[in-house]
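See structure below.
Chain lettering (A, B, C and D) follows the sequence in which the chains are written, and residue indices restart at 1 in each chain.
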């Protein structure tokens, strides 16, 4: 489905993406940590936003990639797409856990609690559990094509399920915990927005860079396994 | 795809060294930026040392002592975090919402040893910088390690694949 | 009437080419025996014909129905007996047959089932739970299913394995019977002598390709 | 072959096998009995507190029982590679899923209906007047759990560590079922009028529909991988 020459070009493009993302993150961190003024209500703590929000966005991006990739795999049955899904789950677990941890650190000084049963937090925790289950499922299936199909089905069902989880937790929460803490976003000043934009763009580009690297890594791992098992016909490559 | 065409392990290490140096420079810049703002002394130290010039002190507005005047200036007692010592404060800056009963604050001003009173000109909320630093460390250090290990693994794999020979009889 | 035609079938397992451009054509009532050393791709080829696997390239059609685009029609026309028996252990032999044939959209009467079981020689075990049947009896039960299914194409993967001498005779007898009804049979086997008794044509799967040989030379062919 | 004939045939086969062996249903029943026993000693609280805990207890017990029962629902298909035959059978694959789902719902409902009287006896729960609403909630929640469970059962049944993987996949995704079932049961047992907890029943219904349709559609890909 994806030809060799296209993959070569993508690989070259990926280097450029890595460099651009590095520059964006550098500018974003500089603006966010040095230039932006302290928040009126939260003080310095609001600067956690500049790592928390981009990581959370990258986590969502990874799950969208996983969903689209899974649909694409079931349609085309191309194992390089499966490598992409596998990679995006691995990178996704990383970004999701960091987003959860930094969110927790941010919640302590602002809401005076490490954890609250907010729909967004619960959906992220469930997302993390789905991704862990996804990777575990993959390690246990022996046949490569079966592994890819089962994993794709799981990813799609999880993606369909997550909105229901979000709404059910939201209903549940309005019933049991009156909204003493508003977790809705507040409008922020332009001086604070600029570094956020840079960080979100930078981390998203970094996500795609990491995704490509990990996809290539998984491809090579399978290639190495095939070569070690004597199941490599040179004409296929 | 021919892999890692121009890359080698040494190139990776050089690239990552550059990234780490840039990150270090950024950290140093951030630390300098914060030294101006973050450093505040507790009330006990203020009363004991009686420093000259502008200082920043940290404490909590003692409940029920706050008296606000019309022009925004205010008089109140500031107690230390364990509520053992207090110092009277005369605030003469702009009106500020953060000036509330039992609110923890950082005050900038100078100490008058004769009247044992602190004349505050500026009020700011507590920096909580420990949370910021830990959040950034927890986010960025694993990111760097993860990315580095993936890139190294990629090169290692391509080397392994080149070296791996298919099974031959005899 | 062409009952099975495979044109330039190739199959690749990710990095491994298992079959390279295999072509085969079977007329109705014809029996083809497939031989080859271990690992030559016999099972892969059988699985492709049984629609368990999709060919990476090439076209397989069964009774003129494409096995990828018109899959259910192709599946309706074929019956596959593999290494495993496809039996549910808690059901009796009769119930297993009712279920298997039922999925093909046909309900045989009890009399027909018993007749088929008698023909393969396990009529006495008709009400036995299938977990108590031995491997040879399970093979015979599969054969009874094949008789009742009345497919246009019968695929037999290692049909003689785990059968006793009488069982092998029954197997060849049934194969001759279905051939006479116009069904084509594809056998993949290692037993040249037994397979040669019923087959009209033979082929050797070697170097990932198929080479057809005259049935008379089968005993002396080297592979 | 007509769609519903396939559903009926699969259901017939599963029910027959279960009636023959009675393995699953008896083990599920005694497992649930043990869970209830442990619960009654784990919470030594007054009657009114127990009543408040009751919906949670009921659904934790049913949830554990479902994990045990649903996880094995495709086990019989793997023994002689029957899955391969289901793959090459000329039938719509979604019908196979629906047949299996019906069998599982039937099995779990039988276990639940036997267990409710036991809850009544052991925990002094007055349930008799609320039977229609409790049954409706149980049915909808069981369908939701079984719809996910049937799908995940086929995903995990051939794995080396089936017992671990199945609950790991099932539990996070069935959070809405547990929330909806516990809240609705709370409302029903608390004697509230139906419209007070209607939205939870609707949540269960919507979950059932979405998950069943998605799984039904996915099943084609699972069998013909």
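The rule is simple: a contact is a pair of C-beta atoms (placed from the backbone, for glycine too) under 8 Å apart; a residue touches a chain by one contact, two chains touch by 3 or more.
Just so it is clear, the model here is predicted, and its values are computed rather than measured.
Path length between chain B and chain D in the touching-chain graph (shortest route): 2. Chain pairs A-C and A-D differ in how many C-beta pairs they share in contact, with the greater number at A-D. Seen from the Cα centre of chain D, the chain whose own Cα centre is farthest off is B. The most central chain, judged by the distance from its Cα centroid to the centroid of all protein Cα atoms shown, is A. The geometric centre of chain A is 48 Å away from that of chain C, both derived from CA atoms.
Computed centre separation for the pair chain A/chain D is 32 angstrom, with centres defined by C-alpha atoms. Centroids built from CA atoms put chain B at 27 Å from chain A. Centre-to-centre, using mean CA coordinates, chain C is 39 Å away from chain D. Multi-chain contact residues of chain A (touching two or more other chains) are listed as 223, 227, 232.
Viewed as a contact network, the protein chains fit none of the simple shapes, being neither a path, a ring, a star nor fully connected.
Chain pairs that touch one another are A-B, A-C, A-D, C-D. Every residue of chain A that touches chain C in the complex is listed here, in rising order: 77, 79, 144, 222-223, 226-227, 231-233, 235-237. Chain D contributes residues 148, 151-152, 155-156, 158-161, 165, 168-169, 172-173, 175-176, 179-180, 183, 199-200, 203, 206-207, 210-211, 214-215, 218, 221-222, 225 to its touches with chain A in the complex. Residues 74, 122, 126, 129-130, 132-133, 136-137, 140-141, 145-146, 149-150, 152-154, 156-158, 160-161, 164-165, 167-169, 171-172, 175 of chain A are the ones that touch chain D when the two sit in their complex. Only residues 1-3, 19, 22, 26, 29-30, 33, 37-38, 124-129, 131-132, 134-136, 138-140, 142-143, 146-147, 150-151, 153-154, 157-158, 160-161, 164, 166-167 of chain B touch chain A when the two sit together in their complex.
Residues 12-17, 54 of chain C touch chain A in their complex.
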